[in-house]
Amino acid sequence: MDNSLLGIFQYVDDLLAAAEKCKKSGYGITIISPVPLVHEIEHTFGESKNPVKYFTGLGAITGYLFGTLFAITTSILYVLPRSGRPIIAIPPILLISYETTILLGVLFTLMGFIVLALAPSFKAKEYDVGLAIDSFGLLVDGVRENKFGDIEKVMREYGANEVKRIEKK
Amino acid sequence: MKYFIAYVSVAVITFALGYKAYGLYFSDLSPVQPIPFSHKIHAGTNKIPCMYCHIYAEKSRHAGVPNVKRCMGCHSIIKTDSPLIQKLASYWEKKEPIPWVKVYNLPDHVYFPHKRHVKAGVPCQRCHGDVANMDRITREVVPFGLPYGMVSPLKMGWCIECHNNEAQKYIGTPVKNGTDCWTCHK
Amino acid sequence: MDRTITYKEASEDISGIITKTGWKYYAVLTLMAVSAVSFLFLPWAYQIYSGQGVTGLNAPVFWGLYLVNFIYWVGIAHAGTLISAMLYITQTPWRRAIARGAETMTFFALFLVSLFIFVHMGRPWNFYWTMPYPNQRQIWTNFTSPITFDVFAIGTYTTSSIVFLFFGMIPDLASLSHTATGWRKRLYTALSFGWRGTDRQWHLQAKACMFFGAFIMPLVVSVHSVVSWDFALSVVPGYAKTVFAPYFVTGALLSGFAGVLLMLSIMREAYPVMKKYVTAYHYDKVTIFVVVLSLIWSYLTLMEVVTGLYANTSQEIEHLKYKLAISPFSYLFALMIFSNSVLPLLYIFKKLRNSFFGRFIIPVFVLIGMWLERFLIVPNSLSRKFLPWMWHDYSPTWVEYSIPIGALFFFISMFMVFIKVFPIIAIFEVKEDIGIPMRKSH
Amino acid sequence: MKRRDFLKILGVGGVGTGLGYFFGKASKPPAAELIPYLIPPVDVIPGVANWYPSLCTQCSAGCGIHVRVMEGRAKKIEGNPLHPINKGKLCARGQASLQVLYNPDRIKKPLKRRGDRGKGDFEEITWEEGLSLLSKNLTALSEKGETEKLYFVSSQTRGSLNSIINNFMASYGSPNYMQYELIQNKNLLFANHVSMGLNNIPHYDIANTKYLLSFGADFGTTWLSPVNYSFAYGQMRQGEDGIRGKFVQIEPRLSLTGANADEWVPAKPGTEGVLALAIAYAIVEDGYYKGSDAASWKALLSEYSPKDAAVVTEIAEGRIREIAKEFGQTRPSLAIGGENLARYENGMSGIVAVNILNHLAGNIGIRGGVIPNSNGSRTIDFKNNINALATAASASKVKTLLVYNTNPVFTTPKAMKTEESLRNIPFIASFSSFMDETTAMADLILPAHTSLEDWGDDFADPSVGHPVVTIMQPAVSPFFNTVGIGDIILSLAKGIGGKVKDKMQWNDFSDYLKDAWKANYSKDKDMLASALTFDEFWNQLLARGGWWPADQAKVKSVAVSPKGIEAHIAKASSRFEGDEKGFPLYLTTYAHSSYLDGRGANLPWLQEIPDPMTSVVWGNWIELNPKTASNMGIKEGDTVSVESPFGKINAHVYLYPGIRPDTVSMPIGQGHSTYGRYAKGRGSNPIDILPFKEDPNTGELALNVTRVKISRVISSEKMVKIEGSTKELGRNIVQTISPDEFNKMNKEVS
Amino acid sequence: MAGFLERITERWKVYREPGFFKKLDHKWTMVIDLDKCNGCGACVLACYAENNLPVVGKDECAMSRAFSWLRIERYIDGEYPDVKVKFIPVMCQHCSKAPCETGCPVYATYHNQDGLNVQVYNRCVGTFTCATYCPYDVRRFNWRSYKFEQPLDHQLNPDVTVREMGVMEKCTFCIQRIRAAKDKAKDEGRTVQDGEVLPACVQSCPTGAMIFGDLLDPNSKAAKLAKSPRRYRLLEELNADPSVIYLKRVMKEGPSKHG
């Protein structure tokens, strides 16, 4: 049965070194931190993919099309002429679609973020209160029962204050 | 506190339902008239044409309710022994008009000429329902007011629908300027 | 930023702002809420009952104080967006401690914006007719109308701001949910959407924030320029000015920054612990913006007047004459220039920036001055339209004075409730500011 | 979900539904009632308007109107397009007469005085009680043999109403029926009588004239027949032959009509008559008069050389001669005079002077000039005027006074003491439908119908060169518990009994009217030719709204002879009360275009529409030249006290460049102390401070006979005017072209 | 759904053309001869009577809230004795390029097939935009619930609504009369004749300064007068293309030669 080990570190460079070591050993690692470590992690592990941008792009395009079609369609569904302007007047349509582009872009991005980042861990329980405040965690997944000691040793070596066993369902 | 949002949404939804339900089912859709006049007997059994009593419908924006003299025109001979006819006769003798209650009431800002619609050949039943089978006049209602096309909720969309589409049946084309606001508003 | 502060200290300080509540706080909140009810809601109810007749509006001057406040609060909303979005994109470090406060201000300012739209309407109970939605009447909205632009622009702006505000708060809420108890714990847990702080989440959060920033930044320009088109798209002398879009945007940012300064100063006084996080360094940065914006604003004001003079039509000249000399409010023009063009320049003195004068007095004056700018544009232009026969002055009534004041109280009380529920300083960003703990220091 | 939570939600849902239901119920109006006709009236279709022709009684012009009636309610009043006087048009006052009918302040029932006289304390009684009260009083009077102590005062009635009142008074045995209104044009009638031998007002053919010289006649709003003259004015300006008539107005204060003139000649107040004579002199002297008796005219006018007149009138001699030249040479030209010209102590002589002008220029009896009206002459009693009533009342020679449609307490100067003298009368009965100042003095009020509910007829005077008779028929059934004035008189006659009853045997006034018309019909050849039988004629009459011949009658000419008028020409400019030092400013008053002599002040429409010249609403003002005002340190909107030797009133200042610097002007009509919620307590009444002066020949009240002084006082009341600014600021709002250009343009077009 | 799409595509073709609404049924126009207008105010009262305009009283008048849809502006030039007074009746100009129409977010004001700028009272939400944008200041607002005192309400014209509180209104060229005339013409199977439609102000004008007619009917009196060399339109430089045409006042400008 696979299980996870959580090492709690005081310093980020310790953690990153441990993580690098674990990753090289072929374990899946997750770094849990109270502050973003985006640059540091990228520095160590290289850039990772960013799937949110597809949601954003889709949202923006949908928004633009929605705004344009909405403005056009509604104005010709019930025709009420005004002011020497064509019923389908372009400048206001541009403005409206500009706003809907932003609106749907934002909403889709949020949706993408929720789907990609939050939804998978929505039911996950907390591991350690300190991880939300001042300590950094290295979660090593897929560790066999007999390897626990090795990993724990590695973590302790790199300066982990504490190593926990996490049971996953 | 746990279900706060649930409470609020339930309250809002039920409030809306209650409000709508009043308008649809409990408002005076079928008001009680001072004399329980039966259209079923007059228009149904005896097949009196609508315009015989509602004399102004082709001349004016109002269809008009029959004047007491018109009622008495027949009922000074017919069924004079019925207590209801005697009630009618008592109005006539007192020289008092009968305070009928309005069933179809349009808001003040709507201009609806009966004349135009009668002349265009729209049958009275199209809006007023199958009056010939009603003992007491009732505005027809379909749950939640849908579909608008079939009954007379007296709402704007219902008017527009007919002006745009159903009018073809009567005059061959959509109503000219039928969706212009000032065709119906005043 | 003081790098000796520990993460734990930061967390405790900021959650302390939420949880540690003294009687003074309740007293002030009650006072504010009662004032909001008596100055805003009761007069408004009176106005709805008796009609717009209770205001001082009249035949040529159809737009008065309510519309002034509408534009004003749109303006106040702008700094929040600018600080959080634009500076996020440029990764400016000093934004971190103050961004959350500024965003919150944006959020509530936009709340007041919608409120003033309703207040100024003749039949507010039909407000939803201005929004396009499928209805049995089959009638939609007029897309050539600047008011419809407003509906879309402000609707988008409000939605985006809410998203941005709460999105940025997710890590903090997750962090708070660990320590909080009772209904707070449930609330924070629910709102943190299962945030754990994994590297992937942080990564996507950073990217998403970047996109939000990129989307919202154009809104800074677009929203207030759309609002300015309410005026600029008309033919009224004094309204139909091509300079209005940048003029309004600049003014909005100026007032917004002043608002942020004032809000931070007050918060610092109320919660001395904040002084650790909002420091002279932040004042330095924000005041520089104020100086620059004030200079741009002065230029645009000058141009507004000069181009009018240059046009030399009877309409423009009479309008300017009225605005600067004849109107019962003309003396306010001098006050406006003083508080928007002269006073902010004092910020070039470094000493002044972090003094009481710089922290409280100048922002208050700028806020007043920017309000005056809108006031001098909106009713004054309408008092002198094309046909001299219809010229008429405007004098607001007590209802019109009371509702904006009440709205301010309402703003404050909502803000006070907010800081008791949500962290007004972004915890994780402050921690980031303190620096990431490394064994070997860089 | 737990059971408890479920129940809670159920509860919330139930409460929500209930609230929604009741909110729905509260927000939806209950069903309306549909009231059918008992018997459908003929020709009435609900929802379709009926138009009834009738007569406008708001002033003495006698315009024909159409009343729009829907479902028994009058909705609008418009001019009768067939009517020759107003040709389908109608002025503001006439249109507002709808609000006379529906006025909330109408007297709804007969009233009897309960408290002290003049305190306005009345109790409601029935018509039987009221009529018997009055008829008993009259019976008692006649039993005592004091029938001549019954006085009847009414407005200037014409037609059948006049004849039935005369009938009644004659059969009762009292000679004291007098007609009084503030504006009764007696000066004009008298002057025309002495100079041209006419017994009515001629038709001034403004429409076809090419040069109109008006001495103070504000014919666009108040003079004689404003709608007719306004229409004619439009014709004159843009007539079919394309030549634009020139129009010169002579008056100290620029009236609405004057504002439309090509030239304004601001002659000094009181000297307009002299100016007219000077122009006449210049016409004769410069040889524009072609008559054989030029010499005798010259002799008659010798005192009025333009040179001398220039000093008196403050109009340059050159200008006088220029006017004389244009007036004498343009064919046809027309001089009219009235209002301001006739409101001096010797006002009548001013109009004589105007008639001289018309004679000298050869304008009498030609198209575009003065056209004598041939039909019915009315007899004007120049002696039996309101002063006679006041004098008689003071001497306790009046026992009972009947008042109809006139308000002498309001329209006579305080100096005349009308109110005090009325207090000496033991019994006053008023037939007014409104609680005006005179009616408030009454012991018994028997409210008569308004014109939209009553029968009547009218012989227009001035007519339009041919006879015009208008019929008044009830457009609506009586709205309140009122009775027509004719019917009141007939019931009174029945109540008195005896010979009065015998002489007045008609069932009701409509019978009387029909009888009168039968007589007219059988007499008049034109009428006989117009229809076959009387019934047909009568139906035609009601359908058209009156009777007038299809084609215009032939124009006949009359001459003015120097001999006949010698005694009636002005010897000097008019006298003014008050010494020049103490009272430096001339006061001219004028009938307000909306309220006329005050009778329109109770109609909210007329209060609300701005005065055309000042845009003031709901109040009164005094017009001051800006120069005068700045000399005195007075600003617009200030309250000033206006003091004459006879009294003092307050008024708000309106700065008006169209008035002489030595003159102030106030409109008549406001300042009611009673007369309904809309009229009461608004502004002040300038008649109050006038001296009591009348023209010695005619008995017409002179209104412009005093000087005043003004000084600032503090008052919380404000003048409300609609105007923002009156300066155009070069914005080309009202664009103009010069007359020369216009004439050139017209030639090109034709 | 197919019908819906068809409608969309069909209308797209038509309504993309700017100015398609110039294909009007009528183009009602009013010609006002300023040389005939003497400023008497009969038209103002006619408008009050026809259109159920409320009387607001002194205090509201002082706040410039008087309801007249039609007002007579009076301009005075010069000093005594060279005073020039000019009158001009100003009502809604029914601009073909009306600034107000763009402003309304809910289509409460729009252009109809008769070339009229119309206001739908019941649709109005009261944003004041139209009134602010109107260069002629002819729009009036129901500041309060104005009541017609009993029994003055009996005079109310049943063809015109009594507007409720919070609603903008303005001159309609007496559209109810246009509608009635069209109705009559339809009954008789003909088109509306010249002179058949008379707004209340035109009907009452004592001097005959106002002429109303259809500009599309070349034989109508109004169309002929509209070609007059004296024609001009109010504030024409704003390019609002008003339907009300004024004929210039004939008047000597400048001081007169008399002293």
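Each chain carries a letter (A, B, C, D and E) given by its place in the written order, and its residues are counted from 1.
As a working rule, a residue touches a chain if its C-beta (ideal position, glycine included) is under 8 Å from a C-beta of that chain, and two chains touch if they have at least 3 such contacts.
This is a predicted model, so every value here is computed, not measured.
Listing every chain that touches subunit A and subunit E alike gives B, C.
In summary, the chains found to touch both subunit A and subunit D are B, C, E.
Geometrically, the chain at the heart of the complex, using CA-atom means, is E. Among all pairs of chains, D-E has the largest number of C-beta pairs in contact. Chain centres here are Cα averages; for subunit B and subunit C they lie 53 Å apart.
Averaging Cα coordinates per chain places subunit A and subunit B 61 Å apart. Inter-chain spacing, taken between the CA centroids of subunit A and subunit C, is 30 Å.
Rounded to whole angstrom, the centroid-to-centroid distance between subunit C and subunit D, based on C-alpha atoms, equals 63 Å. Of all residues in subunit D, those touching 2 or more other chains are 47, 722-724, 726-728, 731, 733, listed in ascending order. Chain contacts: subunit C has residues 60, 138-142, 144, 148, 386-390, 392 touching two or more partner chains. Residues of subunit A in contact with two or more other chains: 75, 77-80, 82-83, 85. All chain pairs that count as touching, in label order, are A-B, A-C, A-E, B-C, B-D, B-E, C-D, C-E, D-E.
The touching residues of subunit B, when paired with subunit A in their complex, are 179, 181.
Of all the residues in subunit A, the ones that touch subunit C in their complex are 10-14, 30-38, 40-41, 48, 50-53, 56, 70-71, 74-75, 77-78, 80, 82-83, 85, 89, 92-93, 95-96, 98-100, 102-103, 105-107, 109-110, 112-114, 116-119, 121-124, 126-127, 129, 131-134, 139, 159. Residues 33-36, 38-42, 44-46, 48-50, 55-58, 61-62, 64, 66-68, 71-81, 83, 85-88, 149-158, 200, 203-209, 229-230, 232, 234-235, 246, 248-253, 256, 258-259 of subunit E are the ones that touch subunit D when the two sit in their complex.
Residues 60, 314-315, 318, 386-392 of subunit C are the ones that touch subunit D when the two sit in their complex.
On the subunit A side of its complex with subunit B, the touching residues are 78-80.
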